[in-house]
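Structures follow.
Two complexes follow with subunit A in common, the first pairing it with subunit B and the second with subunit C.
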Partner chain A sequence: MDAAMTTIVTRPATATAQTTTSRTRRRRGRGIARMSVRRALFAIPLTAAVSLALFALAAGSPFDPLAGYLGDRYLTMSTADKQRVATELGLDAPWWQQWASWIGHAVTGDLGSSRSYAQPVTTVLAERGPWTLLLSGTALAAAIVLALVAGMWAGLHPQSRLDRAIAATATVVQAVPPFVLSLGAVTVFAVSLRWLPVAGLTDPGADPSFGQVTRHLVLPAAVLTVSLLPWLLLSLRQSVRAAAQSDAVVGARARGIPEPVVVGRHLLPVALGPFTTVIGLRLPELLVGAAIVEEVFSWPGLAGSLVTAARELDFPLLAALTIGTTWLVLAGSLLADLAHALLDPRVADDA
Partner chain B sequence: MRNLRHRPHRVAGAIAVLTVIAVYALAVPMLTGTNPGLTDFAAAYQPPSGSHRFGTDLAGRDLFVRTAAGLRVSLVIAAVCAVASAAVGVAVGVTAGALGGWIDRSVMRLVDGINALPHLLLGIVVVALYPGNLVAIIASIALTHWTQVARIARAEVRAARSATYLEAARLSGATRTRIAITHLVPAAAGQGIVAVILLLPHAIWHESTLSFLGLGLPPDQASLGTLLQDARAAMLTGAWWTLLFPAAALIVTTLAVAVVGAAVDHRITPPLPERAIR
Partner chain C sequence: MAVAVLATVAAATACATVPAAPPVPADGLVLADGFDLGGYNPIAGHGEAGESKLYDGLLRLVGGDGMPTFEPALAAEMPTVSDDGLHWEVTIRDGVRFTDGTTVDAEDIAATYRAILDPASASPLATSLNMIESVTATGSHAVRFDLRYSYAALPTKLLIGIVPAERLSGGLASESVLNTAPVGTGPYTLVSLRPDQAVFEANADYWDGAPQVEHLTVVHVPDDNARAQRLVAGEVDGANLPPRLAATFTDRPGFEVASNTSADWRGVSLPAGNPVTADPAIRAALNRAVDRQSIVDHVLAGYGRPASTPLPEVYGAAYEPTAAFDFDPAAAEQILDAAGWIRSADGVREKAGVRAEFTVMYFPEDTLRRDLAQAFATDADRIGVRVSVQPVDRASLPDRLPVDAGLLGGGDLPYDPDPQIYSTLHSSYAQPGVGSPYDNASGYVNPVVDAALDAARRTTDPDERAAHYRSVQSAYVADPGYVMLVFLDHTYVFRDTDYAGSTPILEPHSHGASWGPWWNLREWTRP
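So, the complex of A and B:
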């Protein structure tokens, strides 16, 4: 950063400097675009591999997909009828053929039907997806803002009393699993204090109005935020401390640049790089947390329905959610790397 | 992480806490002679008192005994999982690092692939297909956690490959398998031990979460997860003690193990420049 400043000061021909910068920038842009395409293409073999492994795992397990399809009728139906249904559904084919036909249908947008929700899988995804997005999006945004405020402050005031308190609290909260956090939050804020509703998207029978949903969103979103926060906060605190001792920042301070400029222009861009990577790495954990929180709070989202699908052996839904999760995680890590590359010019386009 | 070398009292405290926890988990079910599954419906949901130090649950079972029994089950499962995943990780990492070439590349691709997936969700899928199976629970945790160990073990082996003692072994005619077993595995073993300790809290989390979601151990089998599942229904009636004591046991155990693990890690791993920052 200060290297760029000295360049402008020492070079008389500003125009040349500018063309160089724009050319570099264009080259970087192309590198970043190439990285995005490469990562997107990597999703194809990964999807194939994950779904293939899933079908192989199911074929080797005691799980009978016919029982999964028929539900309670499995117990009452005659063997001949079962045989007929199995042939109709293609369940007597070898597992890799079933996998191939699943992929074939999935490409055309047909993901089969979910038994536990008695709906096509695509409908389940479309109806429940937005609620998961709302819950985890709120929690992620809140966690990032809180981590930025508290982590920055703690990192800029090392060994102060508040810094120690923040770090100690974060370390303890790190050890609390999200489901314990959820139970604790419900016990304190919903059962004892009666400030907020225990569970659900709305009160029983009420329309999902803005007020209703907001009131029901507070507790699950807060739990998810708290379960995510310590990781983000501690990492940012660490990278702010490291950046504060870097040559660039020490040099900037020595040149008498005002403190807000030092923090905003010299310290933050360097410290935020690792922070975005940590956010990307924590995204799988956000999904896991969302699954648990949605389950405990009966939030009608997709993450919680993964638990339902697993408990009721709803294979088509389980398969779709597993693949969807894989994609989300890939997209998250790509976004984090993109943000890192854009923030920090030293980062190569594919680390 | 703070520099734990400057905080020996914290590590000593953690070891003391772990000792108390171990004694509690092992001795209480034995000494009191109370069956942790003993039901007494007349004494359901008793708050903590002299006769029931942690209170009782919905079936009148004594939670002081049942928490100890659950802690024991969770710790044993977690230990098996941690050892299993560390063993798999060291084996895979040493093999990949020692052989190199395309085997190394494809193994590391597999590691990247598994790391890209949320571990708990992978575990949920495995447990869903093999319901109520203890081996499946252990496998679902072990199979998702060996990757970090494999990565570290591989790095250790690659660093050790050029060491002079390996050159000497090679010149004295030792076979590749022999070199791997006598030199490379010991080189990675230190990291394996660290991995076992650091994986323990993770494994406790996984088992308890799976059981809590009704996908792990059967509900009548006491474990931290099933106890907390009971607490989920109980706390709506205001029985806070059903949540407090098992949750405290879970949190205190994972925290203490994590502190000890970080200390051992610090001892074994040479400090990186980052770690020196205070």
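So, the complex of A and C:
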């Protein structure tokens, strides 16, 4: 009954309800579809440009790819032999030639062999990718849920004691580096209290069963969640506050609309827009922040591989991971804009 | 709030009844290694000193205190050498099988060495085998090595693991399937390989008797502190730790700290292209001004030995005990005063307008070299030589070595004096373009030393060689080209177990779960 009254009040009375809604929906649907197609097409020239820039930048890098390949023998190997090894590995070809060769193979699906892991690149991605996704996905989901709950509450009750406490804690936690959080969590929960295992994907020697992985996932996911939470929480709190003070919400409250309806239909769709944008922008940062957590917890994921590949200039793996991160950025911003468009009735596409 | 979240999650998990993981079988061991897993291809450099548990070489090391000796492994007996020292012959043991069932014959030996020498494999071991001209199978169970020059220390090159000839595809060593699916004759086989752990099982058909430790799990833990934490929590049975971290375990009940010596030296090069470091008085004075024992006690937490020459005491008869520098700063000051290096107003010595200053470079990420460089600079400052330390990355350091001093190291394959000191002290390596830029970085030229080093290469008589190496050290101490600082020990921590049979071993530069007390795991016995 209340919902029906609401729709009658807010819609213009010049057209019938059915046709306006369906025309609006069709227009919005076409706008969203156009945006998605445009973004997907944009990915192709962007991939080429990013990979080209990667090879060009790597050519100017002070790191020597041979240093990673030879390890300690880098110092004892004769210059002549190092030159021969470089030729054999294809490292002394000019960077644009290396790029052309890589992209020629990549479009046929051959991603090459990783020099630092002595495995095909596809094997490295397949063995490590799922674990990074599991860790980062769990942490991001938990951070989003917690940020929604706490951020909304804090935004709707400004200047309350809990709001001030939440804001202060979030600011402090944001300043603590992930490395400190990780080692601290291990010392408290794993070594002193013995509630959780110290590190690793499973107990040594055990298979990665559901129970094993879940138990080992708790601490690294918790640490990653805590490091992601502050920014999401504070940004949602801010946008909820701003939306609560907007004319539409003040007017709706003045009209006597019940609070849950105000929050659900007038406030949230507007406040979540900036929130989803922030999430979309933070997606690739999941990979980097996860690198420190993955190293401390010996989590066999891709984030550490990105650091290794960059330091050892392992071109096939580095290119694959960089392109993957680029697509992640594109997908993240597309999903954020899609969510924004679906949530906020004022927005049809990113125009 | 974050702490509350953490505590809630933790409490929820603790309360949940997750079934405990099945314990690691009682006849097994779990080790934590800081180095990457995988890459199990001898052509790519895996197990260069025979430490790999997946492969055997023609010879293997015999452990114990002091210098290890060699014994035949895949070889039927020790190799024989021709009179001119250029041809070595080895017979192969009968009846040994690879883990895929094929028998070991001479063709496998020859193919393994040829693959390392083949430029197309881009093997990191190519330089260390450059004395080998060719390897030929002279029968089904006999191999001949033809050398470019006489090389008495060839047994050190016969420790490398042998792979089946059929598995060598001729491509890059890093792309071989052997990296993740190794096939060897060793006491253990690889059962599963994940990015975070590798599981090995005893080879029941091992030619020398199946090992009693049946399961070995190696967990990859790159962070030093995380390895220590997992040891304390009881998740792993042993790990290698840096000396200072290992020292914290000495008083913990249930743990033991073991150290293996190495011939891994660290020292400061004194380039001949710099007027200060090339001065004989400066070189002699600096060698007497450094308190090496104090460096061992404080920088290495006691896990090391002072070094005056690049040859440590563990070489037994080849070591010259009188070839050592005493810590004597007063004598150092006298040497400098007598040579005309007079202290100026700010304390730094000066001679003919040249101030006694130079730079010592070190790799930025190597904290040990940084600490050693600082200690050296402090000691040098006391006698009026101003040393500044500077981190320089690997790309630019070699270009500056002819003029600036470097905190360098060596001794990465210590089983014979020749690979230990030849490329450090022989004048042929002082020329640019010969060997690596780090070989003889001081540009040291000493004809007496050259002659003795070459003579020791040409003869295989152990007493003659020992005498030559002793004379090398005496000649070096009279005219030093470096300030050698310390030899490193490698430290390992492990939980007390029921097993017995671990023996110490002289270690090369590499150290990790393959070395330490578990180096001879195949020989361990249950009570």
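Going forward, the second predicted complex is superposed on the first by the 297 of 351 C-alpha atoms of A that agree within 3 Å, B and C clash if a C-alpha of one lies under 4 Å from a C-alpha of the other, contacts with A are read in each partner's own complex, and residues count from 1 in each chain.
Throughout what follows, contacts are C-beta pairs under 8 Å (C-beta built on N, C-alpha and C of every residue); 3 or more make two chains touch, one makes a residue touch a chain.
Values in this document were obtained by computation on a predicted structure and should not be read as measured data.
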Report task. See if subunit A has more residues touched by subunit B or by subunit C, and give me that chain. Result -> C
**Report entry** Touched partner set for A:Leu306, first subunit B, second subunit C, both or neither
**Finding:** first
Report task. State whether A:Thr187 touches subunit B only (first), subunit C only (second), both chains, or neither. Result -> both
Query raised in the report: Should A:Leu236 be classified as contacting the first partner (subunit B), the second (subunit C), both, or neither?
Result: neither
Requested in this report: Please indicate which partner A:Gln212 is in contact with in the superposed arrangement: first for subunit B, second for subunit C, both, or neither.
Outcome: second
Report task. Applying the touch criterion given at the start, work out whether A:Arg84 contacts subunit B, subunit C, both or neither, answering first, second, both or neither. Result -> second
Query raised in the report: After superposition on the shared chain, which partner residues are touched by A:Ile323: those of subunit B (first), subunit C (second), both, or neither?
Result: neither
Query raised in the report: Touch check for A:Pro197: first (subunit B), second (subunit C), both, or neither?
Result: second
Query raised in the report: Can A:Glu127 be said to touch subunit B (first), subunit C (second), both, or neither?
Result: second
**Report entry** Which superposed partner A:Thr76 touches (first subunit B, second subunit C, both, neither)
**Finding:** second
Report summary line: subunit B and subunit C footprints on subunit A meet at residues 62-63, 183, 186-187, 191, 198, 295-296
Query raised in the report: For subunit B, which residues count as touching subunit A in their complex?
Result: 2, 113, 116-121, 124-131, 201, 205, 208-209, 212-215, 228, 231-232, 235-236, 238, 240, 243, 247, 250-251, 254-255, 258, 274, 277-278
**Report entry** subunit C residues within the subunit A interface of the complex
**Finding:** 1-2, 5-6, 9-11, 13-14, 18-19, 21-22, 24-25, 28, 30, 36, 38-39, 41, 44-45, 119-122, 124-128, 130, 172, 174-176, 179-180, 194-197, 199, 215, 217, 219-223, 225-226, 229-230, 232-233, 235-236, 393-396, 409-410, 412, 423, 433-439, 509-510
Query raised in the report: Which of the residues in subunit A come into contact with subunit C in the complex?
Result: 62-64, 67, 69-82, 84-85, 88-89, 113, 115-119, 123, 127-128, 146, 150, 165-166, 169-170, 173, 183, 185-187, 189-191, 193-206, 208, 211-212, 214-215, 218-219, 222, 225-226, 229, 295-300, 304
Report summary line: Residue set of subunit A touching subunit B in the complex reads 46, 49-50, 54, 57-58, 61-63, 158-159, 167, 171-172, 175-180, 183-184, 186-187, 191-192, 198, 238, 241-242, 245, 284-285, 287-288, 291-292, 295-296, 306-307, 309-311, 313, 318, 322, 325-326, 329-330, 333
